[in-house]
Every structure is written in structure tokens, then in C-alpha cells.
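Labels run A, B, C, D and E following the written order; every chain starts at residue 1.
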Amino acid sequence: MSAASTPSPPVPVVALDDVVAVIGRFPALAGASLSVERSEIVLLRGANGAGKTTLLRLCAGLLPVERGVGRVLGFDLATQRTLVRPHVGLLGHQNGLYLDLTVRDNVSFWGDTVGATAAEIDAAMGRMGVADRLADVPTRTLSAGQRRRTSLACLIARRSQVWLLDEPHAGLDADARDELDATLRQAAAAGATILVASHELERAGTLATRTVDVVAGQVRATTPDVANPSTNSEREP
Amino acid sequence: MTTTDHDLPAQSSAATTSSATGTRATRIIGIAAIVALGWLVAFGLGFSPADRDQEEAVRILYVHVPTIWLAYLAFVVTAVASAMYLFTSKKSLGWDRMAGASAEIGVVFVAVTLAVGAMWGRLTWGVFWQWDARLTTTALLFVTYVGYLAVRRLGGSHHQRARRSSVLGLIAVIEIPLVHWSVRLWRSLHQEATVLDTDGDIDMDGLMLFSLFVGVVAFTLLYVWLMLHRTRTMAMEDIVEDRGLDAALAARRAEGEL
Amino acid sequence: MSAWRLARLIARKDLRVEVRSRVITNQVLPFAGVTMVIFAFALDADSVLQRVAPGLVWLATMFSLLVLVQRSFAIETDDGALDAMRVAGVDSRAIFFGKALGLAAELIVLEVVLLFAAVILYGQTIEVGSIVLLVTTLIAATCGLAAVGTLYGGLAAGFRGRETLLPLLTLPAVAPVLIGATRAVEAALGTAGAVVSDGWPWVGMLIVFAVAFGVGGSLAFGPLVDE
Amino acid sequence: MSAWRLARLIARKDLRVEVRSRVITNQVLPFAGVTMVIFAFALDADSVLQRVAPGLVWLATMFSLLVLVQRSFAIETDDGALDAMRVAGVDSRAIFFGKALGLAAELIVLEVVLLFAAVILYGQTIEVGSIVLLVTTLIAATCGLAAVGTLYGGLAAGFRGRETLLPLLTLPAVAPVLIGATRAVEAALGTAGAVVSDGWPWVGMLIVFAVAFGVGGSLAFGPLVDE
Amino acid sequence: MSAASTPSPPVPVVALDDVVAVIGRFPALAGASLSVERSEIVLLRGANGAGKTTLLRLCAGLLPVERGVGRVLGFDLATQRTLVRPHVGLLGHQNGLYLDLTVRDNVSFWGDTVGATAAEIDAAMGRMGVADRLADVPTRTLSAGQRRRTSLACLIARRSQVWLLDEPHAGLDADARDELDATLRQAAAAGATILVASHELERAGTLATRTVDVVAGQVRATTPDVANPSTNSEREP
């Protein structure tokens, strides 16, 4: 991961201050404030509809900021959204694959857009276990988890500075989860910043360096080390 | 459905053991078809007279008409075989292959009719194509069966393919009467039915009629010969696919051993 | 990476999708052919047909354009790839030119086939002297159509009911191309006594249109697609 | 639950989707209107237009049919609802009649609007005596079109490249409707000296077509869609 | 849940014997044998691409049986696929919602197809927490988890005898998971048969009464109690 090769970004990497984001007429983010530094892995947790996906899409520069100030890598999300995008990688609920193309075609395409070498592309595919038999299978015929793996391989090939992952573990089997976590830790160690939204708190909790609660479109509490739900009835302090 | 059940029609069981689709019977039919085609050339180009109005161009008739009649026959065979597949309890894939093969040959024959008709049109009407009802309906017939063949290639298991396409084969055949009676319905430029006329009397020169007859015989033999070979190659394709499935199954199971 | 290289990458990707799926070859071409036959049938007064053949070619092209654009963006939105592309920071001009390029390549094949079909079906003739006019017309019209199609295809892609929004936006916008190209082809084919020199002003218009929508589209695509 | 009640349920659901999304009202109707205008552009010799107006109405209807069918099945496949419907054990005849009913309701509105547009745009006149013929034609043609559209829409829905397979299958199949309805409307409007009585045989054909495809379609839909 | 109101089905409810199912040309199921009795909750686990989804879709009557014999509720999956369908409920990777309709419209539609009463429909929506504010929101605007909840509500309204759930927990928050598990236990107690494919072994393991391994298109081992290695060894009665 050459994420660290770019000049070190201003601190913090993600800085949201009372940000409001609107979908249709609905304020999916109702004044969220969050600050994330380099090399952090932050877990966003919260009920369904709390605004996790919205927060990630906002950070990716896909949604306009309605009120408040949001910055990613120093770029203002209100005015410089398109400048943010080349530096972030988003894994959304959808995979973003071309279903008629093979796994290799897909990963190559996304790799090529950032000028990745063939070796890097192969490495990304190998990492997510879609290199051998699956490489030349059209993604339309893959199983749900295999598509997710391919999507992750595309993301890895893109070598972003900020990784925004929306339920990355969903649909992956145990091996792929381990591989993914290792990749993320490695990327973070190399200087990337990682936001993960997840409902699998056991899994994502061990991965994250910090956990943040998203409640009703706001970022409520920043609990440094309470990840596992079976034990976290103390969440309401 | 077991591994060995390929629903092979009895007469083509030879195909499973030999690598060719030919048998004695097909060879005889093939030779007969060649001979008949030779006769057709002789009668069509040589013995039959030129027409009063059409002059030499009338000789195109001996290809134009037999091919479209055989195409009709082919599509009717498709429909019948489709019905047999759908409505018999055994659901034999043999019927499905018969339907498919017949449709393929029919499409080729319609294409020949269209091409030859277009050339004929150039000679007699001065243009390749007229927007006349018969010509248009013929073109639509062609497209419909191209669509039928496209649906056959949609994928899925053999029986899925068979079910889908047999339904279409039954729907598509309705178009034949439309083509045949289009001239009546729309009172168009194209020749009205002269041979297969409903009033029974055939007004054609005897030798011309005989040449047409030779053409019909020749193309019928050709059709039968093509059918035999095509159904057998299709059966073999299905077998190859099933063998492929066996191999794929073994590979898939081996994945688990690792 | 330069916008131009990205555009080529995207166009190549689109053509590769076609190579793998063969949807256009196997289905859009026949569709266009059937459209021509149907038109001809609906308007079966013979003398009329001869007269309007060039118009029908372009009408069929336009309807095929809609199908092509829909397919081109269905590829992108089926699994959210358009979002992925936007997040990847692919410049919106690169997306625009890339998609337009792929579309143009598919369109030109289609038009050539349709024109040949018209020549045969509707009894048209092409003279050698008019070939230059014909080719220029085809290229200019194609660029214009591809630009408009990509622009509105991208706009419609994000919305529900895109199947229906696209034709609504596109058809009025390409009406000038329809008229200009029809007149130019009439001139090239000598329909209703038109002569070749009549065609060039129309080609001029087509070129202006293509350039306007090419430039305008590349500028407008970002704001339109990016919200 | 009886197949017929299920069919009504499905049709009502489709119409409710339209009420909520307004896609057809806001987009397909204008599309059809634009198509008519475009036709008028492409064939602008006035005398020609007068002559072919009924044909153009039905051409525009057919292209709108394609759009409507696509929309109708896009609703079902966008999020896998068609699979859900099949698993729910909803009888395939119920699905067929339900979808066809919804489609027919949408089509008939469209046709009426188009016919009025033709009357205005192309300067046609409707006499009172021909209204019965006109209404019968509309209903019979609509039923036929809806049946064919639903049948092939359902078949194409499950496959990639459905945008393109649908027109390929549908257009040749509905050509008889196009012809029959055109002739019947010509008779009703008195185009080119046709008289009302000329129209009824065509209406007969349309009715036969509608019944054949209605019955055939309901039987064929299961095998075509279920796998 | 009135799942038990129908005459008690023959035992076993699901009986697969060396079943092969093919997608395209690929044998996604390569000779799977499985037998599930009434009131069981069976967890299918296995790597990505092992064939879990295919197995569930086969049991739902959506895929043809290529070889072998499969029966669900006594119906032969080769010849009576359409007869099986009214009795099973499938939650696939996709939600099967009409995105332009509201939550209530969707649940009512599916409820109506089996003649559920308004009260049952409201109960289903309430159970999955999509009754109040969300009831009249078009499903297109819902968050991923809220859509999944709606899809589950539709399933509950359908009162099936056999429930086939493909990663039901994915995307759901903790509350919804608890509610879902309770619903499933209740349905099983009332006589329904439940198959769950999942990668969240901790969660699904506690729910299931039996765990089954799917490996390379085959059902490998039937391990009665080895679901969650860490916590639930006490499930053995």
C-alpha cells in the first residue's frame, strides 16, 4: 500500500463540524461532528437509519453539505467535493462492479484509473482470493461474497488515503474477514485513515482503534475502547 | 434425470458410439438430394420453357417457391415437435432438438427465399424490395424465428431451454398463415397463390409445373438430410455438455478436498 | 492520469463489455432492422416510402440511440459503478468523453448497417460522388447524437424511472440532428431531386451541433451528474 | 386465493406504483407526444403526413409500449420482487393477467392522448358515426398489445441485455396489431377515402389477435418466466 | 404465526439426496444431501461460493434439480417446483421490495397475496420496527438495514411453513437481530422449519439447533453442536 507516499495530510484527516446533510427533504445527518486523525481506524456504530452510510458518502464527496463545515484531507466538502474524491476509496452497500466483465477486467479497470501496475493488480486479487479460478469468470455469475471480495480487491488496487467502508464484513466468510482486517491494519499502519460502519461489533470492534456512536444523524459519544455489545450495557453513561 | 439419460431418439443412438453423424440412411438421402438438385438444375435452367411475361427470370421460381414451402414445413415441424415436448409426459429432449434443428434450417431457407426473391424483384420490378404485404410478412417471419433462435441461446439447463423455446415455437407458427394469406388480405403486388390455390385448378405450363415439382423434391430431400445431421450434432453437443458437467462436478468436488 | 487517457480507458471498458456480452450485436442491430421494417409497413404507400427513406434511417437511428444509451448507463448503474467512478475521482469530462466515445463507435456501426438496409429495402442508390458527403454526415451526426445521448443518459441514470426520462429529454434535443442529417442524406442520395451541394450547409449545421454539444456536454456533465 | 383476485391485486399494485412515482404521467406521455412531433419533423411533406397520420399514432404507441413494458418489469426486477413473487407461489397466470391489466390501463390512456394529439397536430377529424369503431379498435388493440408486451417483457426480464431483447421479440409480434389498428383508424377517420365499414374486418382481426395472445399468453407465461 | 395451522407435513420437511444444481454450466451444488425435520433451525455455513445461496434457492423451487432427488414438504423439486413455492418464504440477498411503494404498501401487498388481515400486517411491521414514522416512507429512501427490516416484515406477514433465510442478520442492528431471532424461535416452536445461511457464526450459531457445513457444493458434515467455538457449548441439552 503506497497510501503513505503522498505528502502527509493536514491533521485531522476528517474534520466534521456540526454538519447537516439532506437526502430528499430528510436531514439524514443532523449536525454531526467528528474528527479523525491519520492512521486511525474508526468504527461507526448505530441503529438502522442512524446516518452511518450518509456520513461515509458525505466524506467521500458524494453528498453536498447543507450546513456546518466539513473537511477531508483539508478540502472543504462544501466547495471542493470533487477534489476530495481521488483520495478516498468508498465501499458502499453496492459493489460497483461491471457485471458483464470478469473479475480481472474489473480490478484492472479500477487499478488502471490510478495507474496501478499489473503486479499490484494481481496482488490485490490474490489478497482477496479471487485470483485463480475466479479471475476469468464474469462477476454476474459470482456469489454475493465473491462479488464483495472483488469489490474490495478493486478498492485495494486503488490505494486510497482515506478508506470509507460501509459494512465491509457483511457477506464475507471467515478467511476473507481475516484477510480484510489484516489489509486494513496494514494500510492504517502505512498512514491511511479508515472509517468503518458496521453492525458486527465483535468483529469490527477488535479491528477499530476507536468507536463512535451515530445516533439520529449525530455523532453522540466517542468511546475509546468499548466495542463488544454483549458487554457494553454501559454505553449510556 | 440421470447421467445416462440423454433422451436420444432411437435412430440416432449411433451418434453416441461413432464420431460422425452419418449413417447408411443419411448417405443415401444425401446422394438422392444431390441427384435431385442436379435434376433441378437441368429442368430449371434447361428443359423448362421461358415464361410469357417473365421470360428467363421465371427460372428463379424453382428455387424461390420450394425454399419457402420447405421453410413453412420446417416451422410446422418445429411447432409439432415443440408440442410433443410440452404435452407428452416423458419430456424428451429429442423433440426439443428436432424443433431447434428444424427452425435453424427453416431460417436458412427463408433467408434463401428472401435473397432470391430480392434478386427476382430486381429483374422484374426493377427494385430489390417493395413494401408489399407478402414481402414484409416474410421478413417478419424471418425475424421472429431469429428471435426464437436467440431465446434458445439464453442459457440455462437443457430442459429450461426446451420449455422456453417450445412455447415460442408454438406461438411463432401462427405467422405462417399470415404470410400465406397476406396477398389476399392486403391485395398486394406479389404474385397471388397460383399453385396452392384454393379453387383447385392449376394454371401453369406442364413442364414448368414439373420443374417446380423437381425443386420441391430436391429441397425436401435436402431438408431431411440436414435435419438428420443437425439433430444428431445437437444430440452430441448436449452429450458433450453433459460430459462437461461430469468433469465440472469432479472439479467442484475436488475443491472441497483441499 | 490525464482526462484523455481516462476517457480512452472508459471507452475501451464499454467496448469490452460489448465484446463480452454481445448485447448490441445480437439484439440492437436486429432491433434497428425491425424498426425499419415496421416503419415501412406502417407507411406502406409506396411512393411515400421512397420519398421519406432518409428520414426513416435517422428515425430508426434515434430510437436505437435511446436503446444504446440506456444500455450504456445500465452497465454503470446496475451495481453502482457510476458512484464508484465518481468517488474514484475520475474527472467528469473524462467520463463524458469516454462514454460518448464508446457510444459513437457503436452508433457508427449501426448507422452504416441501417444505411445499407435502406439502400436495399427502400430502393435507394448511392453514387460515388456523394460518398464524401455521406461519410461526413455520418460522422458529424454520430458525434452530435453520442454527445446528447451521453449527457442525458448520465443525467437520467441517477433517477428512478430513468427508462422513461431519457427518451423524453433526448428526443427533442436531437431533433435538429434528425432534420439536418435527413436533409444531408437526401442530398447525398438524390431523393426528390436534391443535389449533393444542397447537403453541405446541413453538414455544417451538424458539425456546429456536434461541437456545441461536445463542448457544452463536457462542461455540463459534471454539474448534471454530480448532483 | 383465486388467480383472478391475485391478478387484480397485482394490477392495483402496478397502478399504485404509478400513482406514487408518476413516471408514466410525467415522462411516458410527453415521450409519446415528442415522438409524434418528431415523426412530423422527419416526414414534413404535409400531404404525406395527412395520409399516414393513423399509422404514426400506432407507431408512437408501439414505441411507447416498449417503454411501458420495460418500466413495468423494471419495477419487478430492480430489487428482485419478481423472484419474490414466484416464491410466493403467485400463480403465473395471475402474474400475467395482473401485469397485462395494469399495462392495458396505462396504454389506453396513452392512446387516447395520442389520438387527440394526432387530431390536432395532423389535422384529422373524427365524426360521430365512427366513434364506436374507434373505441372498439382502441380496446381490442390495447388488449393485444398488453398481452404481447407482458409475455415478452416477462421473458426478457430475467436476462441481461433485457433492454434489447424485448424490442426484438415484441416488434415482430405486434406488427399485425400495428397494421390492423392503422387500417381500422384510417377507416374511422376517413383517411384517403376509406369508409367506416372498411374498418370492421380489421377490428375482427384485432379481437382475434387479442384473444389468441390473451389465452396463449396466460398459458405460455408460466413456462417462459418460471425457469 | 399460524405456520402450524396447516396439516402436519411429512417427515422430513426438507430431504435432499445427492442433488446437483447447475447455474449456467457450473455445478453450484455438486451432490448435496440434507435432511431437515419440522421445527428445526438449521444453520448453513461455508466459504464464499460454497453453494449456500444455491441450496436455499433450490429448496424454494427457484432452480431446477439437474440430478439426484430433492423433496420439500413432500413435493418433488424436479417436477413439482411450483407447488412447493406457496409454502416457503425466501429472504434472498435482494430484498424483493417495490422501491416506489411505501413500507406499508409493500407489506400489505405480500400479506394480501396470502390473505393476511390488516392486524397481522400491522403486527409484522411493528415487530420489525418499521411501523411508525417509516410506514409511509417510500422504500427507495430507506437505509439498507431498514429495507432489510421491511423485507423481513413482508416475510413474516406471509406465514410460511418453511423459512429460507440468506444472511438474515446482515445489515440489521442489534435490536432488529434480537427481534428477528425471537421471531424465528417462535415460528420454529409453532412448527415451521427454518434454514439459515450465515457468516455470522456467533450470532446464527446461538439461534440454530443444528449446524451444517457446505463445502464446494456439498453438505459435508452435520455437526450437532459445533457452531460457535467460543461461547455456546452449553447449548447441548
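Note that contacts are C-beta pairs under 8 Å (C-beta built on N, C-alpha and C of every residue); 3 or more make two chains touch, one makes a residue touch a chain.
Keep in mind that this is a model prediction, so the values were computed, not measured.
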From chain B, count the fewest steps through touching chains until chain D is reached. 1
Co-neighbours of chain E and chain C - touch as defined: A, B, D
From the C-alpha centres, identify the chain that is farthest from chain C. E
By number of C-beta pairs in contact, which chain pair leads? C-D
With chain centres defined as mean CA positions, report which chain is farthest from chain D. A
Under the over-half criterion for shared residue numbers, do copies chain C and chain D use the same patch or different patches to meet? same
For chain B and chain E, what's the span in angstrom between their mean Cα positions? 48
Separation of mean Cα positions, chain D and chain C [Å, integer]: 26
Cα centroid separation between chain A and chain C, in whole Å? 38
Round to the nearest whole Å and give the separation of the Cα centres of chain B and chain C. 36
Name the residues of chain A that each touch 2 or more other chains. 93, 99-100
Residues of chain D whose C-beta touches two or more other chains: 21, 160, 165, 168, 171-172, 175, 227
At least two other chains touched by the same residue of chain B: list those residues. 136, 140, 143, 146-147, 150, 157, 159-160
Complex contact set, residues of chain C against chain A: 1, 6, 9, 13, 16-17, 20-21, 75, 78-81, 83-90, 92, 222, 226-227
Contact footprint of chain B on chain E as seen in their complex: 20, 22, 24-27, 30-31, 64-67, 78, 215-218, 220
Can you name the residues of chain B that touch chain D in the complex? 86, 136, 140, 143-144, 146-147, 150-151, 154, 156-157, 159-160, 163-164, 166-168, 170-171, 174, 178
In the complex formed with chain B, which residues of chain D make contact? 155, 159, 165, 168-169, 171-173, 175-176, 212, 216, 220, 223-224, 227
In their shared complex, chain B is touched by residues of chain C numbered 26-27, 30, 33-34, 37, 40-41, 44, 46, 49, 120-123
